[in-house]
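Labels for the chains are A, B, C and D, by order of writing; each one numbers its residues from 1.
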Amino acid sequence: MSLMKVEKLNKSFKAINVLKDATIELQQGERHVIIGPNGAGKTTFINCLYGTLKFESGDVFLEGKLIKDVPSHERVHLGMARTFQKNNLFNDLTVEENIYLAILSEKPYKMNFFKSLSEYLDIKRESKEMLLQWEMQDRRYVKVKNLSYGEQRVLEIMLALCAKPKILLLDEPTSGMSPSETVRTTELIKKIPRSVTLLMIEHDMEVVFSTADRITVLHHGETILSGTPEEVRGNEMIQEIYFGGGARNHA
Amino acid sequence: MKKTVVKFFQILAVFSLLFLAACSGSAIDSSSSSGNKEEEGDSKDPVKLGFILSLTGNFASMGTPVKEGIELFFEENPEIDGRKVELIFEDDAGDPQAALRKYEQLTLNQGVNIVGGGTVGSIALALRDKVDADKKVPLINVVGSTDVMSWEKKSDYVWRTSFSAWQYASISGKFTAEGVGKNAVIIASDYVAGHEIVTDFIPSFEEGGGKVSDIVWAPLGTSDFSSYLTQIDKANPEAVFMFIPGADGSRFIQQYQSFGLQDKYTLVEGGSLLNAPFNIKAVGNAVVGGKMITNYFPELENEVNEKFVKAYQAKFNKIPDNYVVNGYDTGKLISQVVKEAGSLDGEKLVSVLKKGVTIDSPRGPIEMDPVTHTLIQNMYVIEGKEMNGEITFELIKTYENIEMPKENVGYKKY
Amino acid sequence: MKKSIIVTLLLAVSICALPFVISPFVLFMLTEVLIMAIFAMSLGLIMGFGGLQSLGHSAFFGIGAYTVAVLSQYVTSIYILLPAAIILSGIFALLTGLIAVRNKGIFFLMITLAITQMLFLFFRQSDLWGGADGLGTSVKPNLGFMELVSPLSLFYFAGAFFILSYFVLRLFVNSPLGKGLKGVMENEGRMIALGYNVKKYQIIAYVFAGGLAGLAGGLYIFKTQFASPELFSVHMATTVLIMVFIGGLGTLFGPVIGAGVFIFLQNYISTMTDRWSLIMGLLFIVIVLYNRGGILQLLQIVGKKLMPSKNLLVDKKGATIIELNESGKAK
Amino acid sequence: MDLFIVNTLSGLTYGMLLFLMASGLSIVFGLMRIINLAHGSFFLFGSYVAYAMISRGMNFWLALLLSTICVTVLALLLEKFLISRFHGNEASQVLLTLGLIFVIGDITLWIWGGDFLSIPVPSILDFSFAISESSFPIYRLFVIAIGIICAVLLWYFETKTKVGMIIRAGVDDMEMVGALGFNIKLIFSAVFLFGAALAAIGGVLSGPILGMYPKMEFEILVNSLVIVLIGGLGSWKGAFIGAILIGIIDSFGKIYLPDVSVLLIFVVMVIVLMFKPTGLFGRVES
């Protein structure tokens, strides 16, 4: 059984149909990348999957369960997590406090208000592991707004991973990064264990083809093709509408 | 975190020590010393008078004239029986909580001998409770009109130089039945003072053979009275009795005119609203033909008043209203009581008041009733007239020496 | 927890020592400061830690006050009166919070303002409980074994509740819930994405603050023994707002300093001149223009100059201090 | 029947006065994301200035014009030197404009004292007409007419003129308008001044009906905030509908539900907000 299945999703803003019967299926552990020109509706697609946006019709299944009416904030507890295209962090808090908040979300005591957070040792331990794993240990007391852009992008992913998701939605993890940062981040993404299924939006074709198991092409709100990198590369129609016409814009 | 907090406390401690150094004395051992001073009763001690008035905020138009009256009196009489008079005015901005704070400041910090104040009913009651609990200094209530202060809530330490709701409303009822018409509509502000006036109005109006065909309650702060005016128009009465204090009342009278009711039904006003010169200026000829019941109006003919109006005009370049007179008489009363008591001790001052004090007021001779703690005074019915573009008032009837009932008369509450 | 206890003990000692050095009137004023400090802290909690700007916090203060004033006609024990004040204002906070918290920022401010104004009009017009004339009571704090009558005992009574409130609030803001609340203030969208039910956090904080403000209102009645509709007024809500801003937003102790400074300023300036409200308005503007961090931050800067310390930058929770250094560098 | 007509007209009069105040408040917020709590002070200040001129013998219409200009200048100064500094900082805006309420309010108290004042009805409008047995002052009809004219002008301005379209686009996306090369600062200032001018006109027009006294700005402010909440922030249409609704409810509530009439507008507000948290015409923030 597939881990996640999205069927015939339709979404419109005012009169414009942004998503038309968008459909996708994710297998356990796979790295699935969505590509498509600007304005194809990729971020909207992710927002719909995550419940950030409501949509008109279509179904979203997670492990065979229909989840389209589950509020966004509860999807984390079902095993979903996401990052944002634009950095969406707690800028006035330190790196460590950011991580704390992400880990805390899954803890049973997160609504406790008569005991200091610093007395919960498990959260300290887990945050340390996280920081070590992502090589941010020495930056933990720095406020997020004082981090470099690349570091902030990395922190985006770290926050999403703190919830120990089964499925992680990455919205352009390398957008705006310098080439060296992109390389580093790609390496880190590859290190994410296979127990986590990845659904990623990405423009950088090098990143796409070096990480993807499967690729879905979204064009004018329609999922026109889903297949292995080779299949996508070989498809003439894709060459035409994506690599042919749009490649220059996304280089 | 700890370091910052600790450091912060060090700074705080320095600051507070500096501050406290300025405030001498300690709360723990001074309680006994404050009592001594008064008991010695050196007859030449200055008199310290503290007044808590609404000098800003919604009721500034009532508090300020009281202050002017007090100032005027003590300018004319800077000494009482050889004692220097020290006036302290505090502003409560119309808030009883602020008034209570100012009361503590005046008694604890300034050590005043007599407190005056209570521009609004709630403040008068709040101060009354406090003064009655403390039983240290007498309170002269300058405006508050609620009846219970003469009856259930009477306190040896609380006396008023204004008037009571009963004095106004029962005379209004009597006059309306005698002089205007037997069929009346009442419009009153929907709050405690309004209900009290109506409660006192109806029995005396009915006693005179009158019948109330409708009572309209307008919420405080009503800006548009047109709905009520149509309602009054429907009832088609002979008289309209209104009690709407403050800005609302001025609005009402204006709208009463602009909706054409002024010429149809006689307005009887029982809130001493219109004889205030500024209100007349605001509402203009809308008051013409209206009847008002008041304990004072500037055109009153007696010697004291002529002198008083002249002196007030010279000092403030305005015509006095009855709030000024309340303030002026407060000064006169205090001066007389201190003179007779020969002491500043609260208890002795009260015992003089309890014997009954008569003073010559611009509103005619008045007497402090030792039973009800309210003045026995004349009530005047006046009518607005327009002469050469000027609005004046003409006395049409005098009810002499109106005395509060000694106990709660137990009217049906409205 | 340990830190909280130490700080709380320090506070307790200073409060116990104060009456030995001050005059009766200052004692009277300080009692008011302590009560208003509780009120200001409760607003400081939702504003500085929850990001909810309220111009209607006086609603809870007033409800607490009226609860005690009305119930004191039947019972005198503080073990009934004060919990009743807390619970009733908490319930009101829950009901209004469910409507108000659905909107953010300025919307929230406007709704809270409207709700408070509604209560003010209701209590002013009502026939119940004295209406516009207010409701006097003769209640004194009855602890069961003794009744507190003297101003000194009232001061300690208020002081005890102040310390208790401060301690509970410290726990609250450092707890998992408090940290989550701060996260909601910083970035609501991300908190949702992380799996937090942000409205729940805001409502809990709002109810908590409402209950605390109700406690302050209840205590206020023990001091003034008079409840009046003015307790609900926009003016009251503005007053407490300015206390929070004077002291400094985002700190727990800031509102306390703000309450102290404001009450003394108000009292002395309004004695000297009738133009207090003009001065207060200018004070608002000056605070906005020159000193966004409030007095507490100012004191910290002064403190740092007086007693320099090496490891301030490492101080991981001293958020304001680190920020200051950075902005200092930037200049 | 005449009762019904008189009440409807009264409600509309009051509603139109509030509309003049609330529309400015709403547009300024919609475009600039600035909540100007001192907007009520513009209203009151306008009527006080007009009073000062008229009581010295000036013509009503000239005073209306001059006091509107006066308030606009005041608004210009405040916008330029204070308010424009705090774009995007809600807490500071709230505190700043609250401070302005106190400052302006106390200055008016200082100058004009605490008494109730009112502006006489201009003599050409100082008569009533009859509705069967009741009569209705013509001045109030005039106020209703002015309110409707302002609404029509706003509608024309918004939909038919270029500047109006820029502003409409600005409400949706300010950055875009800036990117298209328009001077955002100028547009902001212009809209702010326009809102202040509307409030001032409302203030002067209300002078003969509502009069003025200290702290009135709070009442006006709360009522217009309720209107804005009901109508939706940023929409003058919402303000128009909301104002009419509040005016009518106020006027009929006094007759049919006298005991709760003061609470009625708040009840309506709560009901609207329960079903539409952003108000009737409010934009849904994404």
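Operating definition for what follows: a contact is a pair of C-beta atoms (placed from the backbone, for glycine too) under 8 Å apart; a residue touches a chain by one contact, two chains touch by 3 or more.
Given the structure is predicted, the values throughout are model-derived calculations rather than measurements.
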**Study point:** A-C against B-C, pair bridged by the larger set of C-beta contacts
**Key:** B-C
Point to revise | Chain at the geometric heart of the assembly (C-alpha centres) | key: C
Practice item. Determine the centre-to-centre distance between subunit A and subunit C, using the mean Cα coordinates as centres, and give it in whole Å. Key: 42
Practice item. Go ahead and note the Å separation of the Cα centroids belonging to subunit A and subunit B. Key: 72
Revision key, fill the gap. Cα centre of subunit B to Cα centre of subunit D, whole Å, reads 36
Exercise for review: Pull out every residue in subunit C that's touching 2 or more other chains.
Suggested key: 121, 125, 277
Point to revise | Contacts with 2+ other chains: residues of subunit A | key: none
Check your understanding: Which residue numbers or ranges of subunit D touch two or more of the other chains?
Key -> 106, 109, 262
Review point. Pairwise, which chains touch?
Key: A-C, B-C, B-D, C-D
Revision key, fill the gap. Residue set of subunit B touching subunit D in the complex reads 56-61, 63-64, 190, 216-219, 221-224, 226-228, 230-231, 233-234, 246-247, 250-251, 254-255, 258-260, 276, 278-279, 281-284
Review point. Given the complex with subunit C, which residues does subunit D contribute to the contact?
Key: 29, 35, 82, 85-86, 90-92, 94-96, 98-107, 109-110, 218, 222, 225-226, 228-229, 233, 262-263, 266, 269-270, 273-274, 277-278, 285
Check your understanding: In their shared complex, at which residues does subunit C touch subunit A?
Key -> 1, 4, 171-172, 174-180, 182-183, 186-187, 189-198, 200, 204, 208, 314, 316, 319, 322-323, 326
Exercise for review: Note which residues of subunit C are touching subunit B in the complex, please.
Suggested key: 3, 6-7, 10, 14, 18-29, 32, 121, 124-125, 127, 130-134, 136, 138, 150-152, 155, 224-226, 228-231, 233, 235, 253, 257, 267, 270-271, 274, 276-277, 296, 299-300, 302-303, 306-307, 309, 312, 315, 317-318, 321
Exercise for review: Name, in rising order, each residue of subunit B that touches subunit C in their complex.
Suggested key: 1-13, 15-17, 20, 23-28, 30-31, 34, 55-56, 90-91, 93-97, 100-101, 104-105, 108-109, 121-122, 125-126, 129-130, 133, 146, 190-193, 195, 219-221
